[in-house]
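Each of the two complexes below includes subunit A, the first together with subunit B, the second together with subunit C.
Up next, the complex of A and B:
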């Protein structure tokens, strides 16, 4: 049990829509997230990705079933603060997550609220800013930073709480290509170098390729689960869900269909180039 | 009939310590019926530029003419012509405010002092255009919709003004591929059937390459490149990189393949043509 950080069992979440009908946003979802994993969740808008993620730190509570964080049920409100310290969330819009007028004060906000002693706060803020490579900006005004920098500050603010797991809900959706690259490489470095558990929700399939494991959601259920190679080589299935496989996977799939002998698990440009060289 | 910029520069907060020149000396003309994509890094001046196109900002120096009327002129004509340029901002769903979708979309047309029958007709048309069923959605709250649907309501609000020029700032940001494709399909349909001019600000190079006839690349407040998407993406990779612009995924893939000595034409842009090229090449090699 010890290596499991988050586990849901038949997790359901229902809410009423505008017409008073009950919408089943999550339908018996059972997932296990292990410590140190990088898990990507993909799916169309309305598939339940964010609803699921919001159970991971008790922002939403199960209508039925269970969600355990480090063995604690989120539905037990007495444990809510302990759970929120274990699982930190980063959302889409960096502007909505910034509270202070100076970068380091913003990062200090979390530990200050937890009553962490001042010297310890200092250390945590320094560590967190170093981890997202923003130390040089510690005295800057956050609202004047670029989107990618703001998002890294938001991540630092979560790291300063010293969580066991980082949940990011489309953290790059509002960023330009450069900002996207900054955020993804920061998260991926935190996972590889510090062993931070990462749950990463995205619409960019090329980002999901970096994960150890991909969960595919549709209509409130997890319908597929596997390595990026296993998931994205099923080009037709991904397309049928309204998602897009990485370009190299799509081209490889067309080529295989036209009789070319290529491995079934090509998902990157380099793999495709290599396979084509070898097939001669 | 065109939008014409003559040596337009804009400086934020002039005469203060925060003074910042956002765009410098931009001259260009966008003809009626064009589909223009504007791309560039955050802070390159894209949004400042498009806010000049309907007079939200007036140039610090230079002029903006819409159908030959100077937007900065304080005349009724200038006011009227500014309305022919519809603007869909980033995350337009944040601007929804009314209790029902009908009321939200009707807000603009009512400000034009149209009678209610005409307003209703425009709302119906606009909702149909963005793929929202009038009977089902008109009297629902816009706040209980999905992200993609909310954005459609916001776009319908602009379309109901029946603009001749439509400016969209990152219309697909934050949407999943299905919603993204649906919104772009609607924009293309609007472009084709109404013959309106579309000016699209985007980070999505695939969409820019696929949809636009013309592409402007901005960096540091200047228009650095202006041409057909194919020319722009192939012309000067270093300039594009310096402008912080990603080339389309297809261009990257073709580059990666060519780097490994797989000989396919540099200007391959679609999956179909790439697949055909690779197969043809494979047959040639096998024949030797």
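Up next, the complex of A and C:
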């Protein structure tokens, strides 16, 4: 029980749309996130993945069912701040989550809110900036940084709160390929080296390949769950959901259909290249 | 273009004035401004002039920069001189129909204009030597004791911090929207004033919508980072007084006392 950080049981979320109709954004979602895991949640727009993530730190409350963070129910408003301290959240738009006009002051924002003593804030800010490799930029103005750098600052800002789990809600959707690479490698390094639990929401399948486990959402439900290899080797099934399998998986699938003898679990470019070289 | 605008007029440096605590600078500036109005004689003006020179010297700012601070307000300075010159009763120096310039008027005009110049120079020394961020910290700290009377010190400071953070972002956005609309044939640079103002409307609407969206997202992000108002908040940078703050405040107070003594002793 102790190694479970987030658990939802039959979690439902309903909200009224403009016409007063109730929309079911989440429909009996049950997921379990264990400590140290790197879980990717994928799905099309409107599949409910962001709504699910916002329950993980009590930004949204369940309409029915339960969401437990480290054993605490998010629906209990008394535990709200304890929960937000355990689960840090990074959002899509890097500009709209940076509060201060100096990088290090922005990173300090979280610990300042928690009433951490100034010396300890200093240490946390330095650690967090080092963890995302942005120490050299600590006195810069955020609006002059690139998208990837801003997003790393946002991650540092969350790390300074010392959370148990990092939830990233499409952190690369607004970034260029270079920025995406920066953010993804930062996050996976945090997961590998510091054992940080990561929940990574994305619609880039290439990024989900790096996860330990992938959850596929559609219409407010979790419809598939498995390792990246299990999920992405079913190219047709992924395509039927309106998602695009990673390019390597798709190429391998087409080649297999043309009669080439390739293993069924190719999902990265390297694996594809290796398999092609060996098949010759 | 638009994005070149720098915020405030902070001029980085490490002079005596730069190193002063922002609270000292704010309070000293206010006292100095009050003491400007104590001066009424030439001797007092001389003392004031020397003090302003000393302050400028202590800031080690280029003289040109300080002079430039008066530039945007020269109309007001000139107007002050003219109004005083024409409206003060005294021996006429020049008369034409109902207009007359008097000797007392010219004297009064010069002194009043000088007061204004001193005022502008002293207050711009504050903004030249203090970055907007530090200034915000200073204001928050000075207003803090007034919290129990309902002054929202922390909220004001947070508003200023967020404004400082987002003004460049919004300017960038304005620039982008403008270019997008110019590309589709919009015209922001010709026509008379009213027409130009009208042309700005399609610029303001998307800007406002996006500003509100940003505000909404920022609020969620701040909440996610445990923001819950100013209660029990600590700060990374803590303001601390140093001996030089005492020296600066003592100097300004001595000046005020000297000017007050001169006024009442009639020197």
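The definition used in the following text is that the second predicted complex is superposed on the first by the 279 of 280 C-alpha atoms of A that agree within 3 Å, B and C clash if a C-alpha of one lies under 4 Å from a C-alpha of the other, contacts with A are read in each partner's own complex, and residues count from 1 in each chain.
Everything that follows uses one rule, which is that a contact is a pair of C-beta atoms (placed from the backbone, for glycine too) under 8 Å apart; a residue touches a chain by one contact, two chains touch by 3 or more.
In this text, all values refer to a predicted model and were calculated from it rather than measured experimentally.
By the touch criterion defined above, A:116 reaches subunit C but does not reach subunit B. Of the two partner chains placed by the overlay, neither subunit B nor subunit C lies in contact with A:78.
Contacts of A:88 after superposition: subunit C is touched, whereas subunit B is not reached. In the superposition on chain A, A:46 makes contact with subunit B only, not with subunit C. Shared-chain residue A:125: touches subunit C; no touch with subunit B.
In the superposed model, A:250 lies in contact with subunit B only, and not with subunit C. Subunit A residues in contact with subunit B (one complex) as well as with subunit C (other complex) do not exist. Residue ranges of subunit A in contact with subunit B, taken from their complex: 17-19, 43-46, 92, 146-147, 170, 173-179, 203, 206, 242-244, 247-248, 250-251, 254-255, 258, 260, 269-270, 272-274, 276-277, 279-280. Within the complex formed with subunit A, the residues of subunit B that make contact are 41-43, 91, 140-141, 144, 146-148, 173-179, 203, 244-246, 249-250, 252-253, 256-257, 259-262, 271-272, 274-275, 278-279, 282, 285. Taken together, the subunit A residues at the contact with subunit C in this complex read 57, 59, 81, 84-85, 88-89, 91, 93, 95-102, 104-105, 108-118, 121-122, 125, 141-143, 157-158, 161.
Partner subunit A is touched in their complex by these residues of subunit C: 132-133, 161-162, 164-165, 168-169, 172, 213-214, 217-218, 220-228, 232-238.
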